[in-house]
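Order as written gives the chain letters A, B and C; numbering starts at 1 within each chain.
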Amino acid sequence: MEEPTGWLAVVRDAFSAIGILAFAISGALLAVQKRMDVVGMAGLAVVTATGGGMLRDMLIGATPVAALVDWWMLAVALGGALVVLALHRWMERLDRPVLVFDAIGLGIFAVEGARKAIEHGVGPVGAAFVGMLTGIGGGMLRDALANDIPAVFRRDSRLYLLPALVGSSGAAAAVALGYGHWLVLAIIAAVVTALRIMSELLRWHVPALKTEAIPTIRD
Amino acid sequence: MEEPTGWLAVVRDAFSAIGILAFAISGALLAVQKRMDVVGMAGLAVVTATGGGMLRDMLIGATPVAALVDWWMLAVALGGALVVLALHRWMERLDRPVLVFDAIGLGIFAVEGARKAIEHGVGPVGAAFVGMLTGIGGGMLRDALANDIPAVFRRDSRLYLLPALVGSSGAAAAVALGYGHWLVLAIIAAVVTALRIMSELLRWHVPALKTEAIPTIRD
Amino acid sequence: MEEPTGWLAVVRDAFSAIGILAFAISGALLAVQKRMDVVGMAGLAVVTATGGGMLRDMLIGATPVAALVDWWMLAVALGGALVVLALHRWMERLDRPVLVFDAIGLGIFAVEGARKAIEHGVGPVGAAFVGMLTGIGGGMLRDALANDIPAVFRRDSRLYLLPALVGSSGAAAAVALGYGHWLVLAIIAAVVTALRIMSELLRWHVPALKTEAIPTIRD
């Protein structure tokens, strides 16, 4: 395992930027649906795009968190809000590219999150958790601020958390066992992206208990 | 004050595990009521069971946070979701044991949270706050993600925050004054547990202002 | 740039206390509107008043966070809840003072947040973000716990985030360029306060996209 450098770091950051852009677009779109103004669009874009990484860094103690140091992340996130402002009439046609970009982001965030956690002294199980949260945390914060139940938890939602967990577990295991070469991690990220896209195309979802099966909890 | 070791640490962790299990069950139950799928059940169980400790460790700077290092906590939390999956038809009969387990968790989290905060250089008042938050923070995150107002803040809710605050204040004072022996802390935790159970049995609650008494805040 | 000391620190803390009081009052008022009990009033007051600073300190790694060390902040926040309890019949007449106090808090939190971030090694862009979040973060947590969309993101809301961002950007630039004298920072904070009050009096707000312009996002 090693922190990538040189052109490898550039490639990784380029893929991260693709993910940040897609996450930010999903935040800005939800902001409009929830009747927020352009400040809300920008704010929810930034939260969605950088929130998962911020949670990761606060939990593992990698402070100041990455988005404050590598502030191009904040800029790309604001770019996502601008994309929605400029192209909102054509967002329906952008559905597919945004899905693919989002899936690319999920892959790289899950894998990089797990790698970074191990680098900061977290064991493999904890690192698998952190990587998964890096991928889904921004969307969870987005939904919480928009007054929605997290999309990844909702009944009939397509798989999102599980592909991230597969990738973060794989990356954590690879790094812990000494196979943390960038090529291995890139392949694992690609698997996450593929699983996520397939779950959408093939409508994969997990079961749910019937609500009536559960008695009301006392207040 | 000292970090417990040996069999004392085992006993403390055993009581913590009881609390984590109960907290996780409350998260998984709410997930079903809110129409989440099994991923949501597992996710909300983990958030409820480990969220308070994660908030504590991020606020005092004890990173990586405990649940990432002692990953048995994540496993026990997932076990709570499994309990709901397996026993949901009989949850009503499990009401009482879950209440008692939850109260045990509240006691140990409040006391241990205050002790850990002082160990990390926080003064007694701050430590009392941190201990209280360790006890109630997971449930607050659970309710925020489930789109509910925190149960501990709701009108006509039974006492929950106050028993935690009594315990965390007592523990902070005991440790700060040099009486942080494990037996003292165990007795304080037991008092929290007893107060919490009594508040449920005797329907203790605090008053509330009439809503009409308050003018609408400007947007 | 330097951490203020002596009477300067006292003056800064006095203005901070004014802001903490106003933020706490807004939290306690919303708690009553949302049908919470007095525990909820105290809890939401503390979250609103200290949440922004806690987010700041967790993101930049200044732990234990300030409100745990300088526990007078917790005391002043509880004082805000007491003000609402005691004076709720006259809150409408207190509208104007609370607005002014809140604007004073926004100014000092935005400026001090940016200064503290730079002190902890964050660059100017990241520090501008952190300062802004210090000012608005407590209110966002308040709204999230009260099950509302953040007021600062809502359509037709008056400017709140933007004055904070102007101030945090100005403070970050001033400190980074070596002009971080307390007098410069105090003037910037006063500008934030003035902008915020003017935005309320003159009903400044930013535009919003029409909700129908956006297709529904897939789940």
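Here, a residue touches a chain if its C-beta (ideal position, glycine included) is under 8 Å from a C-beta of that chain, and two chains touch if they have at least 3 such contacts.
Keep in mind it's a predicted model, so treat the numbers as computed, not measured.
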item: Chain contact topology (line, ring, star, complete or other); value: complete
item: Equivalent-chain rotation between subunit C and subunit A, CA atoms, steps of 5 degrees; value: 120
item: Where subunit B and subunit C are represented by their mean Cα positions, the distance between them in whole Å; value: 28
item: Multi-chain contact sites of subunit A, meaning residues that touch two or more partners; value: 58, 61, 144, 147, 154, 156-157
item: Parts of subunit A lying in touch with subunit B, wherever the complex brings them together; value: 58-61, 117, 120-123, 125-127, 129-130, 140, 144, 147-150, 152-157, 161-162, 205-209, 211, 213-219
item: Interfacial residue positions of subunit B with respect to subunit A in the complex; value: 26, 29-41, 43-44, 54, 58, 61, 63-65, 67-69, 71, 74, 84-85, 88-89, 91-92, 95, 99, 144-147, 151, 154, 156-158, 200
